[in-house]
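I've put the structures underneath this note.
Below, subunit A partners subunit B and then partners subunit C, in two separate complexes.
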Partner chain A sequence: MSAETRFGRMKDLPSTHLLGTGTAMCAGCGGLEALHEIYDVLGARSVFVNAAGCMTLLSVYPFTPFRGSWLYTSMASAPAGAQGVRDALDLLLARGALPPEEDLQVVTLTGDGAAYGMGLSATSSAIERGLDFLYICYDNEGYGNTGQQTSAATPHGARTATAVGGHVGWKKDLFAIWCAHRPAYAATVIGAEPLDLARKIEKAMKLKGPRLILALAPCPTGWGYEPRDTVEVGRLAVKSGVFPLKEYEDGRVTHTKPPHPRAPVKDYLRLQGRFAHLFEPKRDEATIAEIQAAVDRYWEGAG
Partner chain B sequence: MFRIRFHGRGGQGIKTASQILGSAFFRSGFEVQDAPRYGAERRGAPIFAYVRADRSPIHERGVILRPDLVVVADESLVPIPAAGVLQGVTSNTLLLVNSPQTPELWQQRLKLGAPVLCLPVESEGEDRAGLPHIGATCAGAAARLVGVVARESLVQAVEDELAKLGADELEFNLDHALAAFDAFSRHAGRVQEGAAIEAGGYARPEWIDLEPDAALFAAPDVEGAATSEGAKTGLWRTLRPVIDYERCNRCSWICSTLCPDGAIRVEADHTPRVDYDHCKGCMVCVAVCPPHAIAAVSEAGARAEESPA
Partner chain C sequence: MLKQTEGSHAVAEAVALCRPEVICAYPISPQTHIVEGLGELVKSGQLQNCEFINVESEFAAMSVAIGASAGGARAYTSTASQGLLFMAEAVYNASGLGLPIVMTLANRAIGAPINIWNDHTDAMSVRDSGWIQLFAETNQEAADLHIQAFRLAEELSIPVMVCMDGFILTHAYERLDIPTQEQVDAYLPPYEPRQVLDPREPVSIGAMVGPEAFMEVRYLAHAKQLQALERIPQLAAEFRTIFGRDSGGLLHTYRCEDAETIVVALGSVLGTVKDTVDEMRDQGVKIGVLGLTSFRPFPLAGVREALQNAQRVVVLEKALAVGIGGIVSTNVRMALSGIHLHGYTVVGGLGGRAITRKALHHHLGLAIEDKLEPVSFLDLNHEVVERELAREREKRRSGPMAENILRDIGVVAAKIS
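On to the complex of A and B.
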């Protein structure tokens, strides 16, 4: 990595953490893992606009893990809320009521239910307006806070509370949808790859305009694995090619950590209770092969 | 009316225990209420669930304040005020604790004059939150202790509630529920039905109030930063990560960065320190440490070692 980053190696990662402990996220939450790593790079000079979801529970009055303000919105309107906060800050700056060095980063934080579904229209128009904000989606591939019902981010074959025999649809490619809007920056990250994550947040912080971060959030509760395996599940999502780490900038998508060689997807699926029906009592070779083929196709296309 | 409260941790099947017992009462001809109560719906976090059963329609609502039977699936919750295990316990309340200790020791400790029974613990030292059968065991024991539920009704109730999990799970839970039901045959009917509660007849229970949390935690400054640290999520933990500093190679980032809660900080000399007030016991650090310098030990055991009494 070039000298442009202060995160040249793992040892450059922050060793004390800005995000407060004591939150109500589950033990082993992959979303919280990503968020606390992001927050260390982002810093305290930020306002969070949080759509309804698991992370609604981060800031329950009178407690907050953040060092700055937090605004709660309905599920579909976090980017609209961010617009309001950004406008207010801009007005204060224009009037000289806020010195430029005290300006804040406006950050939208939503789960996949809001990002892929209900809030997508608001996101689309915020990018269209060129809103200067950072959007973080913690994607645990289902409506986790209410018992893991299917969302538009649920992968093919996964069992959810509303797809008991396994989800028949396919995970929506939100990253591609974001990129089609030509934002200033978009990237996928995962807590299990903290250096890659830190560099991307650092880069996003240097840019203006819409910057969107999609964080895969391994979820012990919703995905059915032991909390201790959060990092293992996350690393396998990357190694198997199921979750490509990439970034979009200047009209181009670059893969930042392409897996060589790719681990078979079954290694990733096997760890999770939501895919257990693909292995027991009878192996569902057809579905496993379908999932593998979709991943292979993606990487052939990625060249 | 029977009023029964189950206490445990998220993941132990406490909600299911109350559903099984509720169903068993219902199948025995009772009017029934059952409901769970929890703050964060999180594995390891304290949860309780309660059941009311009566032969005539039940008009009482809300949390049970005067339980006739309190079942505790995880003994480490008893001394935690926030878990409310002892709320409303009087000398007429039967306590059933899942504990390797003796009932006599519990009676001595609690000084409530309440009768205590203990569930035999099968696998001491393991992750108690992980015991998959403990909910069914608690339900089976409670069904026997109230004395009015037939074995057959319990079998039907377990089937009602757990058939959806598949034949293996059902059989596993049924075995445990029935084993507990049979184990408490000597104590059948020990639970005394409480009288109807009159609003005018409220008397303060004879207990010693524990210190409330400091006012700072109850109402921290709304503009304060990271005030969530006032919430001690360390009480969720059933396993404790313990760093062996001889083996730790001072990598300075792995456990600290990958800890989902950011509950491990690294000191200037690269030594990692776990914040046990907030560590939820997910054991991610144990799984990721390259030289395997972090061990998962039983929280109850670690606490006992800290204060041998």
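On to the complex of A and C.
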């Protein structure tokens, strides 16, 4: 491994378990899994500005799993709230009231509902202003907190509470939207690949400016699988090529864990209740083939 | 220092003297000159240690202000009309969280139809959000109220909205007394937040609260407004000792001694109302004026005291509670519980329609004879309204109402007369 990272192998990963336990997240939450891993690398010198979503329920008075401060502004404006917090910290630094070594990472924590939809304007504008913040999206591909309705992150064919026959649209490419803004950094991660995740957080923390961490968040409740299978579902998302692990830096996108060979997407789909209608009672070969073709096209383009 | 200046620029200067640390700017008429003025003051170095942020929307403006205020910075923004509606969720959050943000509202109508001119519909739409709402009668008062607003907001840890009539005040040039930095510094101490995202003592701000505590939190907002009822007159008195003039306070009476009829109003229209009342007094009519500076908190006791010896009250409103009539008059009636006097609501000035002395004389004349309708509309063209209603009876696809009316009256541009 490159000398740039302190995470050469699994044993190098921190086992501090900095994020407190006993939160209201569902058993097997892939978003929480990713957040635990992210927080261990990020550390306690951070302040979170939360958009409405599952993880708004992490902080319920008088409890919080975070070591640092936490603020909720509104669902669609978390990056704007983060802007205000960053500005306030900058004023403290300028006044000498906060030593530079005690400065905080300002983090926006959002689900895909806010990130891909109503929060996009606030996000785009924060990136455009060059806001120095880490933007973490736990993407469980639907409005999980309200019972898994369709969001702009819902993949083709997935059944949701508002697309009972399966979603006819295609998942929006948030990573590409971020890259189009030329941010300081953008990366996709998944809790099931902790080493890749840790290296990306490590890299993001060394940079200043807008930085995206887009975490696919396998969701037992919304996707319809047993909580114990979260890691397996996550690994297959990567192995099948459905969720490419990659990063953007200096205008270039690099795949950090390209799957060789790729597992068929049906192996990934089959594990999940939200795709069950593609297999039972009658196999929907056309839709499965469409999804496979989209993944194949992506990787052909990715070179 | 006396100078000839625009209302908006005077407000920008007054706000700058309050040493705001984060200013969120988003353009919307008629408040734009205020944030432009502040931008110039930051750029020129007259206002230092201040982050001037150009945001993408009013919703973001208030959200940045929330983040900044929670981070311990003195935060300010300014908006009007649809801008206030777009930030409505954040407006409630700012007050619900108890963050002492100060915002100027350059009062403007709310569409549709689109209209950039003055009325009070925007302010009235968030009257129950938990913000303190102060209405300026003049540009001098608009400037002065901002200085009092920061002090009041930070003492009580609730946000304050200073309302000033769009265009009528914001764009009017007149001679104003701009305070000195020493005066403002003597009046307004540095911001000491009640809650802050302190790196050393972390807190959670804005987490979910269930039925077990929500009512108490919400009641506290009310309790703080009741405290403001006490503090607003005290702060106005203190302002007078430092700055040497009367500005602010809860309410003001004008020629109300022995008045049988009292007109209640807010904002810049009070000037026209007072002129009209002077003319009526010259004719021997016993009439006075009650001007409300503080609409939230609503000074129930003060209004009651001012009105209780009158025979009738006429509330002149620059907003329409569609489907009932008056908003201010409903509040005035709460102050008059158990007192029997004739109450009239006169809605006027919507979308910038000029409120003239002539029209006021007409309506107040009818009121004095108790011949005025309970809810009436100043200078409403009933004929045009009837024609449109007739069109709608005759034809299903009668078309856009606003265009029909403009065709009927034969103008295609705003007409002020």
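Going forward, the second predicted complex is superposed on the first by the 303 of 303 C-alpha atoms of A that agree within 3 Å, B and C clash if a C-alpha of one lies under 4 Å from a C-alpha of the other, contacts with A are read in each partner's own complex, and residues count from 1 in each chain.
One rule holds for everything that comes next: a contact is a pair of C-beta atoms (placed from the backbone, for glycine too) under 8 Å apart; a residue touches a chain by one contact, two chains touch by 3 or more.
Not measured: the values here are computed from a predicted model.
Visitor: Superposed on subunit A, are subunit B and subunit C clashing or fitting side by side?
Guide: fit
Visitor: Once the structures are superposed on A, label A:Pro227 by its partner contacts, choosing first (subunit B), second (subunit C), both or neither.
Guide: first
Visitor: According to the stated criteria, A:Val49 is in contact with first (subunit B), second (subunit C), both, or neither; which is it?
Guide: second
Visitor: Let me test your reading of the model: by the given contact rule, A:Ala286 touches which partner, first (subunit B), second (subunit C), both or neither?
Guide: neither
Visitor: Going by the contact rule set out at the top, does A:Ala122 touch subunit B (first), subunit C (second), both, or neither?
Guide: A:Ala122 contacts subunit C only, not subunit B.
Visitor: Does the superposition put A:Ala27 against subunit B (first), subunit C (second), both, or neither?
Guide: In the superposition, A:Ala27 touches subunit B alone.
Visitor: After superposing on chain A, what angle in degrees do the C-alpha centres of subunit B and subunit C form at the C-alpha centre of subunit A, to the nearest 10?
Guide: 90
Visitor: Touch check for A:Met10: first (subunit B), second (subunit C), both, or neither?
Guide: So A:Met10 only meets subunit B here.
Visitor: Please work out how little space separates the C-alpha atoms of subunit B and subunit C at their nearest point after superposition, in whole Å.
Guide: Value for subunit B versus subunit C, nearest C-alpha atoms: 5 Å.
Visitor: Common interface residues of subunit A with subunit B and subunit C?
Guide: In subunit A, positions 57, 59, 61, 64, 66-68 sit in both the subunit B and subunit C interfaces.
Visitor: What residues of subunit C sit close enough to touch subunit A in their complex?
Guide: 21-22, 24, 49, 51, 53-57, 59-61, 63-73, 75, 89-90, 93, 197-200, 202-209, 213
Visitor: Could you list, by residue number, the parts of subunit A that touch subunit B in their complex?
Guide: Touching subunit B: residues 10-11, 13-30, 32-33, 36-37, 44, 57-59, 61-68, 145, 191-192, 194, 220-221, 226-232 of subunit A.
Visitor: Along subunit B, where are the residues that touch subunit A in the complex?
Guide: The contact residues of subunit B facing subunit A are 39-45, 218-220, 222, 224-233, 236-237, 251-254, 256-263, 265-266, 275, 277-278, 280-284, 286-288, 296.
Visitor: In the complex formed with subunit C, which residues of subunit A make contact?
Guide: 45, 47, 49, 56-57, 59-61, 64, 66-74, 76-78, 80-92, 94-95, 98, 102-104, 121-122, 124-125, 128-129
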